[in-house]
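Before any comments, here is the structure.
In order of appearance the chains are A, B, C, D and E, and numbering begins at 1 in each one.
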Amino acid sequence: MQRIGVFVCHCGSNIAATVDVKKVVEMALLEPGVVHAEDYQYMCSEAGQAKIAAAIREKHLTGIVVCSCSPRMHETTFRKAAERAGLNPYMVEIANIREHCSWIHKDMEEATKKAVILARAAIAKVNLNTPLKPGESRVTKRALVIGGGIAGIQTALDIADAGYEVDIVEKTPSIGGRMSQLDKTFPTLDCSACILTPKMVEAAAHEKIKIYTYSEVEKVSGFVGDFTVDIRKKARSVDMDKCTGCGVCQEKCPSRKTPSEFNRGLNTRSAIYTPFAQAIPNVPVIDREHCIKFQTGKCGVCAKVCQAGAIDYGQKDEIVTEKYGAIVVATGFDTIKLDNYDEYAYSQSKDVITSLELERIMNAAGPTKGHLERLSDGKAPKEMVFIQCVGSRCSDNRGKSYCSKICCMYTAKHAMLIRDKYPDVNVTVFYIDVRTPGKNFDEFYRRAVEQYGVNYIKGQVGKVAPQPDGRLLVQASDLLDNRQIKMEADMVVLATAIEPNPDVRKIATMLTASIDTNNFLTEAHAKLRPVESPTAGIFLSGVCQGPKDIPETVEQAGAAAVKAIGLLAKDKLLTNPCTAQSDILLCNGCSTCANVCPYGAITYEDKEVNDHGIRETRRVAVVNSALCQGCGACTVACPSGAMDLQGFSNRQIIAEVDAICR
Amino acid sequence: MNKPAKKQAELIREISGVNPLKCMKCGKCSATCPSYDEMDIKPHQFVSYVQNENIEALVQSKTLWKCLSCFACVERCPRDVRPGKLIDAARQIVVRERGADYLSPDEIPELLDPELPQQLLVSAFRRYRR
Amino acid sequence: MYKIAREKMPQLYRRIAENKELYLPLEIGGQANFAVWEEGDTAALDVLKTVKSPKDAFFPQSENLYTCKRDGKKLSIEPQALKEQEFVVFGMKACDLQGVQVLDKVFLADPVDSFYAARREHGTIVALACHEPEETCFCKVFGIDCADPAADVACWMIADELFWKPLTGKGEALTAQVCDLLTEAEGAEETVEAEKENIRRIVEKLPYMHLSLDGWNADAQKEKFDSPLWEELYKPCLACGTCTFVCPTCQCYDIKDYDTGHGVMRYRCWDSCMYSDFTMMAHGNNRTSQMQRFRQRFMHKLVYFPANNNGCYSCVGCGRCVEKCPASLNIVKVIKKFSEEKAAGGEQQ
Amino acid sequence: MSIEKNEEFRPKIVAFCCNWCSYAGADLAGSSRLTYPADVKIIRVPCSCRVNPMFILRAFEKGADGVIMCGCHPGDCHYSTGNYYARRRMTLLFSMLDFIGVENGRTRVEWVSAAEGVKFSATMNEFVEKIYSLGKNVRLEDLRCRS
Amino acid sequence: MQKLIDRIRELLADGTVARVLGWRTGDLPYNPEPAYFECEEELQDFVYNGFCGANLSKYMIEASRLEGKTLVCLKPCDTYSFNQLLKEHRVDREKAYIIGVGCKGKLDIEKIKKQGIKGIESISGAEIEEAAESLTIQTIYGEKTCAYKDAMLERCHVCKGKEHQIYDELIGDSSDTTDADRFAQVRRIEAMSPQEKFAFFQNELSKCIRCNACRNVCPACSCRKCVFDSTKFDSSQKANADSFEEKMFHIIRAFHVAGRCTDCGECSRVCPQGIPLHLFNRKFIKDINELYGEYQAGEDITADTPLTHFTFGDAEPSIVGERG
């Protein structure tokens, strides 16, 4: 029989205002096993913890129940307090009488009754608790960063600077990501390439950083501190060591009709290509789908012109297997597809473009060499319309329910740059709200209005209709003037919502990291653990976690790096002791449990057993407690009940059920 | 109109199945509306009126009879507020208040506008299509 | 001797049920078992053997012994009331009656089982002769005459009339309660005698009735226990409890606690020596193999029990286990096997 | 409690919530002060796949009037696949309960994420209301527990 | 049968197998029992006839632990069970020599007795050689006849087919005896109101005496120690002290074998109280087929078991209420 102490927290008035804590103490004392019960203002305070420690020592408690806030809040606090007083931390159970009781009930009698029952369930459970000891596992002192955009680069640099090895896996032929596609950056109007390129070079040159471009994560196994990752290095068809990056192959390549991914399909590229001039590594890849040599077997021009003899048509995909202690996801974003927005005529007119396309148009290395011109006829526009919130803030199923956060600022930037470079162009921005929190952000927006004369109109555009003369009829409402506007424009720019890179779903599944309904990776806690995934050892960097601009991305990249460093700095990790265990006397060796284990933690061994005097060799399940994460899938799959979960055993849960239904 | 405005607003919400509080006041409905100029209370305002339970003004408004029920605003509203449905519901309230579920035939001519399609007809078709 | 027409039987039941519980073979879900008669139920009197024996009436499959109530940290014990309601078990067969005799030896011997004793005291048994015994019957082997059951009242169903003969004080009392429904049967003795002869003639024809129990006695204990035959005999046994639960004499029970949330109900329920946790103790089990458990059942019925009860076997030849064993094992096969072996051994010598 | 007035029916409802999503969703409902009836008592399990059908039957045996299981949305399981197994298990179990004549609606599965405090509270309100309309569970209880 | 015995004798004699698992003649015309035969002399009691309904595959769990190979006679439907046991590593294929024996439907003595036939002395027509249309039964009360079909086990009316799923050799012909819809009764119950359903099962299950015959005969219930015999779930019970317990037992038993039950029908065959226990299993099989795709346990040992597998688009549990 346990000697149980029950500690009821007032949580100031959070609990005490709706739950009669004295009554809970009184009722708890009547439960079997309870030898001590008391209440206190703030159990989580130092004084509260001291009370727990004192009771453990004086009353020789073997288990305690704290009736307080959610275990997600203070379970660790109380476990540590118990441990300091010499009690195994897993002999602590929490009865959640705040979030699940005092905060949701108004009637004192009802809430008190419920609190008593919740306490009773926790007492019944702790009666069956057994001391548990965490296992230990080693930490591989190397990190993996998935994604080579600004987020991934910054994270890798920070980790590497702390002295740990980092690998970056980037899907495209070069690192740089979305930021490399941008022309200028707000609010200081720095040239994006000018500030990004040095970072790319630094990463490439860093002795602790290894970059896998044109590569993808294929398979992830293992767990925090000890992940094993298969990386597929796609065949580049160019020998990385031999290539000098002279660029002759790209000039001579006869296949030139492939839409350029980097330029958002606004122009074309050759089949052998580097995405952009500052690409790192500066080694081209052959796009085999569009390469004449690969498609027809006849050509081989690039091999002929390559002085270095770097072209290798026979190259094959290669799988590299590496071990990592921590993984940082920095998979970034893309703009949403506009297939569902017929009213903006995006697919009907070449002159309706997305903001990211405008970035490329404005960029000197872009399809128009930096000249602002209509893609339909090459004419300079006179009238430009920007439409905000295209696909953002939509609660219908066409768009995204969230605010994409960066559009207000980049639209102000675009408007300002156009007005600056082409003062004769009229710029009208249709907005719902202009959102500019951030240092120097509102000033920036005001400058666009006040200094550059950008015409901001509150009201959404209802439709954009291409006219026979090639111009675009924009019909909008001006909510402040209470009028409907019909105006003609030469170009319309859509501030398209951003969404997480579609590949993130696959990656999240491999990492067993959770993802929200919008495909953003979920953080372990929205406020307190914003750069960690709930899955241990997985960290989040950049837009894969939620919309953010460059400074925020870099901040988060640094934060993710620090969290990863914190993990890598440890020599070993304590593993969760709430793992499954198989009773070899009950085990049938039927393999059912192994079939449902998501971690491959269950194997089978022929073991000598002594079943009440009968000695025989039996095939039985063995759980690797370092791999087991304690989900419990196996415990239900097991028909004989041989599999049980420590900390959430069958009998413990049944005891809780019984206590509640009593 | 003897029912309190609150009841009426509730009725509109119930008939339309629309929660006007979802409106973020972007004005896309008004931007889209082909009858905008004919209306005294514009579609986006209509939503606010329901929000504010100012139903008396709505039932008196021209908007009720100028709305084509083309439902462009319904299709394009990013917040699923569907102003056209609200107008439709307000119209139905007026019709019901007359003691029957229908407009009396002799009233139709004076409401008819040769420029516009017969909105009630269109609306009815839409409501009972399937 | 009295009689009553078959079609009037429901009136008889109704009369008895006025102030007594009436257990009758009733068909529920296609199976006849003894159960409490309620208005509208049709008795399955033509069924020779109910699936379960009627021993439930005196020794229910599970019954509460006492209840502990918890109030805070205070425990109070509420004893279970003993049976006080008078009841009648109607339609028991001669073998089942012998089964009750066997149970009496167990439960009414010192220390007396008060729950059982109370039931015996308040129960009146109306027995029914076996009209058409079947091939699985072997009651005669144990000296039982299925044509002439001896209970509080003995009955014979002949053509469409039930002949009713009170044999004890309890039987007389019951007869008095229903006497206006019965008619004095003149010349009935002869009719009944003819029926008895008829039944006995059938018995002679049945294959199991001439089984020999030679050598099954206390002296044979060691020889039987050590026989290698058990190893072969038990093999098909599935270790289910069918034989023990349909048996009219199996009397083993287990005592268990049920947590009601407010306390504990301590109850007993039938146990089966075929179960692996039968007589499980803290150190483990004293019979670790199914062979041992299988042997125990037959040794108990045919050796240990007679050794302790003046030669009375605790098998009554009802044949229920013969019919119901899922693996077609039974006590007859065991007895025969040992006889065969002995015969073979004899020949050799 | 010892002296309980024989008042109107108050159901006993057990809610199994997975630690990562639904329990957190319930916490969020709490911190958002979204009320639901006190009849619901939550048991924390690591994952919906930890919920053994025996637990559910056990609850009914001991007098529960409704059992609801909440887990992460399919695809969002912390253990990546747990709720998929749970979904099949519960579908079959509920179907069996329906087959033997237990009123539909006494059991329910709802996927509630950590962010769905509103959904948690709405679900509980709805479920409790359903249980009120079904009344006391009499088909699946052990009568001994009434004493 | 002679051909079978000859072949068995041969295999025993040449040492291919150490023992034979088959049926021994009973002492009544209808009660042969499963038995091991280790030498030629014992084979004189070997029998294979219409009353050899017992599924011998479960005995192979024990036989797999014995020295040498065991020859086992399996009927077509028994081979599904053997396969399932193989899949769960409960039997050793190397230790088994499987003779697939022909089957033309097995007989149920209860069904014969239900027709009022008693005092049975002998039965002819139950031999498997010729496919008899009817049985001729000698009783002490005279000669009776009974159509073979009317005496067949329930499971044979919904036969899974005459093909053996696994064997080393086949002896004897089989025929498909299907003449009923396997799920008809399940459907009939599904169509009932909750009250009717409850009354139906209450009536059937109230007969349960918890003898565990259904569990112990079941080839899918192959646990060394059943949860109902262990203290793991605090569910250890020997007798139903309350009507809840029989429901608990049968629901959980059916759940534990869901996706693994081959529908061999042994549970219903052995139930001393004639409870149609197969209905529980068939309900699960029907649900699995409808919700997750056709699945026959024991057919393909490499197939994913329904309850240890899933698809992203699986039906939600609410479908139970929705399909009405």
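What to note about this one:
Everything that follows uses one rule, which is that a contact is a pair of C-beta atoms (placed from the backbone, for glycine too) under 8 Å apart; a residue touches a chain by one contact, two chains touch by 3 or more.
For clarity, every value in this text was computed on a predicted model and none was experimentally measured.
The set of chains touching chain A and also touching chain B is empty. Number of steps on the shortest path from chain B to chain D, with steps defined by chain touch: 2. Once CA atoms are averaged chain by chain and compared with the all-protein CA average, the nearest chain turns out to be D.
Compared with chain D, the chain whose C-alpha mean position is the greatest distance off is C. The chain with its C-alpha centre at the largest distance from the centre of chain B is C. Across the two interfaces under comparison, A-E and A-D, the one joined by more C-beta contacts turns out to be A-D. We define each chain's centre as the mean of its Cα atoms; on that basis chain B and chain C are separated by 83 Å. Distance from the chain C centre to the chain E centre is 30 Å, each centre being the mean of its Cα atoms.
For the pair chain D and chain E, the distance between mean C-alpha positions equals 37 Å.
Distance from the chain B centre to the chain E centre is 68 Å, each centre being the mean of its Cα atoms. Within chain C, residues 72, 258, 261-262 each touch two or more of the remaining chains.
Residue numbers of chain E whose C-beta contacts span two or more other chains: 225, 227, 233, 241, 307-308. Residue positions 596, 637, 650, 654, 658, 661-662 of chain A each touch two or more of the other chains.
Under the contact rule defined at the top, the touching pairs of chains are A-B, A-C, A-D, A-E, C-D, C-E, D-E.
Every residue of chain D that touches chain E in the complex is listed here, in rising order: 52-54, 57-58, 60-61, 74-75, 81, 84-85, 87-105, 107-109, 139-144. The touching residues of chain C, when paired with chain E in their complex, are 28-31, 33, 48, 51-52, 61-62, 132-136, 202, 205-207, 232, 235-236, 238-242, 244-246, 254, 256, 258, 267, 269-272, 275-277, 322, 324, 326-330, 332-333, 336. Of all residues in chain D, those touching chain A in their complex are 1, 12, 14, 19-20, 23-24, 26-31, 33-36, 38, 41-47, 49-55, 58-59, 62-64, 72-73, 75-82, 85, 89, 113-115, 121, 145.
Chain D contributes residues 2, 62-63, 142, 144-145, 147 to its touches with chain C in the complex. The touching residues of chain A, when paired with chain B in their complex, are 343, 389, 393-396, 398-399, 432, 458-463, 475-479, 482, 484-485.
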